[in-house]
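The two complexes that follow have chain A in common; it is paired with chain B in the first and with chain C in the second.
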Partner chain A sequence: MTETNTLEVRHLVTQFHTRKGVLPAVDDVSITVPKGAIVGIVGESGCGKSMTAMSIMQLIRKPGKIEGGEILFLGKDLLKKTPKEMQAIRGDRIGMIFQEPMTSLNPVYTIGHQIVEAIRIHEKVSREDAWKRAVGILNAVGVPEAEERMKAYPHQLSGGLRQRVMIGMAMVCKPDLLIADEPTTALDVTIEAQILALMKKLRDDNGTSILLITHNMGVVAKMCDYVYVMYAGKVMEQADVFELFRNVQHPYTAGLLRSIPRIDNVVKRLYSIPGVVPNLLHLPEGCSFCTRCPYATDKCMEERPELRDIGGGHCVRCWWQMSELEGKAAQAPGQEDGAGQVTGQESCSGQAPEPEKEAGQILGQ
Partner chain B sequence: MSTGSTKELLRAEHLVKEFPVEGHKKGDAVHAVSDVSFSISEGETLALVGESGCGKSTLGRCLIRLLPLTSGKVYFNGQDITAMNERQFRPVRRQMQIIFQDPYASLDPRMTVEKIIAEPLRANKVCKTKEEMEEKVLSLMDMVEIPREYLRRYPHQFSGGQRQRIGIARALALEPRLVVCDEPVSALDVSIQSQVLNLLDDLQDQKHLTYLFISHDLSVVRHISDRICVMFLGRLCEIGPTAEIYDHPLHPYTKFLLASVPSPDPTKRDDAQPLLTGDIPSPVNPPSGCVFRTRCPYADAQCAAEVPQLRSIGGHEVACHHPLG
Partner chain C sequence: MLKKIVNRILVSIPVLIGVVFLIFMMLNVIPGNPIEVMMKEHARADVVKRMTHYYGLDKPVLTQFFIYLKNLLHGDLGTSYKLNRSVNSLIADAFPYTLKLAIAAALVAWIIGIPAGIISAIKENTIIDRLFMGVSLLGVSMPVFWAALLFQYVFAYKLGWVPVSGADTWQSYILPSIVLGWSSAGTIARLTRSNLLEVLEEDYIRTAWAKGLSQAGVIIHHAFKNALLPVITMMAIQVASLLSGAVITETVFAIPGIGRLAVDAITDRDMPLLQGTVLFTTVLIIAGNLIADVLYSVIDPRIREN
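For the complex of A and B:
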């Protein structure tokens, strides 16, 4: 199993020790990224998706601390590496791109300087060779007039070009894994489409595995093979992307999908999940979503559900499944809004034919 | 533009807004808005969409005189507001308010919710007594569903969605007729975004508001607007009823813009979908003729030579020499 998986995160726990108490930012998260796959982590702000990525890179700072679990990268546990060994892996075997390309590039050095530096930290090559390779990678990520742009400073480039430079820098050492944390959130939609297409192309050409962190369900649907939905530090639902969108089983994921306006399906009134994301310091006793869930029962308030496999690698952290809950939907609060959006419900939670097929394909890659 | 049956609330004629560029040679300017004309009918939601830097926010601010226009005229309720002085404009300003994008930056961190919502009331001397003022503030809080007991809290004690609700209460305190919503939900999480959109919807019904809804999010715009106005680099590309624009875009830019929105349905993936290449040109040196031609696959010599004018085709208006069939 290990050889086919670039990354296996097992039972990762990252906590922040604050004066007010212990904040479980990442709570028992397990994530698998098969070789050459694009795996998405999706959730709202504060759900722990970025913290999971930072934990994998071991970029967690005090008062945060990785308290437990394993992070197997190509079969070796990253948590057992020394800081020096970790530094050799970051930027070389694992590349990372962040949301805001302006703050992740150094404003006082040229683009060329920064890419050459990234190459020469990890490989013994001459400055000239590194420069040539840097120009090559800028061409590959679609930066026009790459030779010229090497001498430019970050502020002289547009947002889209900066993100291309970031991707180029992350890809220049041909990493096995690329972690992309909201790579297109700061970009315009036409530029976003370009960057997403570029990331897919890089995956197809180099076989790089990608862990894509986003809040945008559209980006997930477009890019990912497999998806993890996080809420309040926990994985709530995980499935193959086709399975998830066709056969959503967790009320949170269902609510999320229903509350996004869509250009291909107009509804009179949007569904909205009531309430706000709970404070991680004061999580409910039972399921962390129970305070906002229209289907919550006494059991949900009292007992914490575990992630369970409902078949074909589709896992849900819920005592119920949407397919069971839908039956009593007529009385459930919040459902009354859904009256006029029959098509929307169908596409989020229609019938569930053969989930195993696609899941098998992905894992078998 | 407006369908004769509904009353026109605002009309913009040939609006131009330029910002001088310092440090460049004299006369250089950012052409933020160039020759834009349109109208908004009472009770409708007109959306202004476009990518960052296309001038949509500048246009919104110019319309309600938060920014002075370089040239052009704005008529509100039949009156030319561009010709008014401050004193004459004051009663009109009450009728046009704005909701800002960033709920973290648009509320004064040193003011309580009570003071924030009461500020427009105080500035316009709406309430005669303290009690009347407090009652009014409380009813506004009820309206946006902020619990009354939070009256004396400060902005940092609220979540992003709640802050945006406070911003909405402040904008509606003077019972305006036109509300400019400048990216009101783009800073919010998905689940909170739908709550605020529904609130805006309800308030429009209750108070017969007219919205100018500025957004870059085409899915949100499709949901909320009656008509859409697509902008590129300071110019109008296309304007028309929402369903028309989404189903039959005539301007190549509109078509590419719509195709770029990732659909939340993996079965609709299309990796072969044509993408718009290149970046947005500089608004300091916009291309000659049609500003979109440098990114447009259909551009020819005519597009470089002549600025396309808005013309009416099949229920909407489009500024393109080669509209899509």
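For the complex of A and C:
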């Protein structure tokens, strides 16, 4: 652990013990958030990205349980803290905002009351001083007429304003780390851009590290310095954001990238990765993505690949090199509708060798 | 806010008139002359006729209704056939007993019901939860007369801790208020638990945890106030119905309250008294609902604005 990292998650395992079996929601995940960086976790719904965030906050509820690993925050393992110590860290050193700004504020208290509470949980300040600070933070997060809004109830504000309030509330104690769990998913795109710009500004002004969880590759491209791509509880690929977009290595990441609508590439239908995130109770024996991967081979279905470093901090959990896969795909007979092609280098990546794809589907069933 | 309350009261007036009309008509379609029933078979025909005329029972039903309504608007509930006293004074005499019992029972219900519900929700699916919910279910489902007799037998007759019945000392209220309160407490505990469990799933509760609040802070400050809304309605209705007289409990424990009055009125076919007690109950229930609505607005700003 070096002092340059705000957060280092090492080999985190979080499982849900259900009647049907053990669900590995977070499976051996390691994530590093350097000081002042914005690090993204990206993946589809159910890939474990939110569970990773909730594990860091230790807000996993039964039947979920953190089974192993370390969560080093400023060099100290959060998993070794007592519940009381963890309480003191939550909301003070680590702030968190959520996907649903419409429902994340308590409807029966005013905005002011809720921000003042956030301050006074952690700091011994008078109500008046806390109130002044709350007005200050609302101004800082761009809530107009902050004095007035303090007395407003959540339902009197728009979604965008509520998310600003949430961000203000999370930032009011000047945390070292802000965890943003899909902060803009519920907002429309213009508001999304404003909120993202606000988060970036807060990072620049305060040096707060941000762990940004999203399913939106566009948000990743705009915001992040470093990215982790998660699938079925595991990190599939991780890289510097420029490296990832330039040199995508995992077929899953490639699929996510192809699913972004692009203004310069008119297609009839937007690409989507076929199938759904597999049931964590019945993961394939081999690579967890093999049931949906267009390139899956016998090896993929039988053996579980490890995360391997391909240089420059770019790691990928796949048996193959993208260049090999593309070569294979180019030879495959038959062409799908080439919808959603993103980059020239993976122009033919929509198809899989037919027999293997069938095998994958059988396994998936 | 005030406007809203006034509005609600104004809306209640047609409801009340409707209720008066319905009660009046229903009691009047019961066959037989109440005077005859009251005087039994010894009555001479001419006496019955004179009495019937005296009470205006020989007039058409609608005329009777309007006379009743007119008197009602003057605050006069009529005169009891049986006791030959004004219904107003009978209710006024009986109400203090019912009030004392209602307050005691409501206190038992809230002091036990709400904490039991909160603890059950926090300890969901543990032995404590099961125990509390089992006892609540017992309270809700056990017939009051049976619980009353059982309690009388054990605590009054066998152990001799409290009087069997009557309303002379404060000790006489212990058993009836526990019997009454238990069943209300059961309802409140179950409602509190289920609402709290629902609210604890809300996004803003997650936010409260993420702020660094303690469990007590999250539950008492953030969850309880939201979970309280339906419980308050229940409490207001319960108090209203307790105030209108716990018919069975008052009868079993021989407490001369509103409930007893109503039972006596039914047995004696004492129409004015019965109408009076039923009307009194109606007003209390309407008032209870009104108070619940006002409390709702106080707690939830979203309701306040609509």
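Throughout what follows, the second predicted complex is superposed on the first by the 322 of 365 C-alpha atoms of A that agree within 3 Å, B and C clash if a C-alpha of one lies under 4 Å from a C-alpha of the other, contacts with A are read in each partner's own complex, and residues count from 1 in each chain.
Methods note: a residue touches a chain if its C-beta (ideal position, glycine included) is under 8 Å from a C-beta of that chain, and two chains touch if they have at least 3 such contacts.
If you're wondering where the values come from, they're calculated on a predicted model, not measured in any experiment.
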Look at where chain B and chain C land on chain A after superposing the complexes, then choose clash or fit. fit
Based on the superposed arrangement, let me know which partner A:Ile121 touches: chain B (first), chain C (second), both, or neither? second
Regarding the shared-chain residue A:Gln87, is it in contact with chain B (first), chain C (second), both, or neither? second
Contact-wise, after the overlay, does A:Ser259 reach chain B, chain C, both or neither (first, second, both, neither)? first
In the superposed model, which partner reaches more residues of chain A, chain B or chain C? B
For A:Val267, decide between first (touching chain B), second (touching chain C), both and neither. first
Should A:Pro107 be classified as contacting the first partner (chain B), the second (chain C), both, or neither? second
Could you grab the smallest C-alpha gap between chain B and chain C in the overlay, to the nearest Å? 6
Identify the overlap between the chain B-contacting and the chain C-contacting residues of chain A. none
Within their complex, state which residues of chain B touch chain A. 51-52, 159, 161-162, 189-195, 197-198, 201, 216, 218-220, 222-224, 243, 246, 256-269, 271, 273, 275-277, 279-280
Which chain A residues qualify as touching chain C in the complex? 57, 59, 87-92, 95-96, 98, 100, 103-108, 117-118, 121-122, 153, 155, 166, 169-170
Per the contact definition, I'd like the list of chain A residues that touch chain B in the complex. 44-45, 158-161, 188-194, 196-197, 200, 215-224, 241-242, 245-246, 255-257, 259-264, 266-267, 269-274, 276-277, 347
With touch defined as at the start, can you tell me which chain C residues reach chain A in the complex? 202-204, 206-214, 217, 221-222, 225-226, 299-302
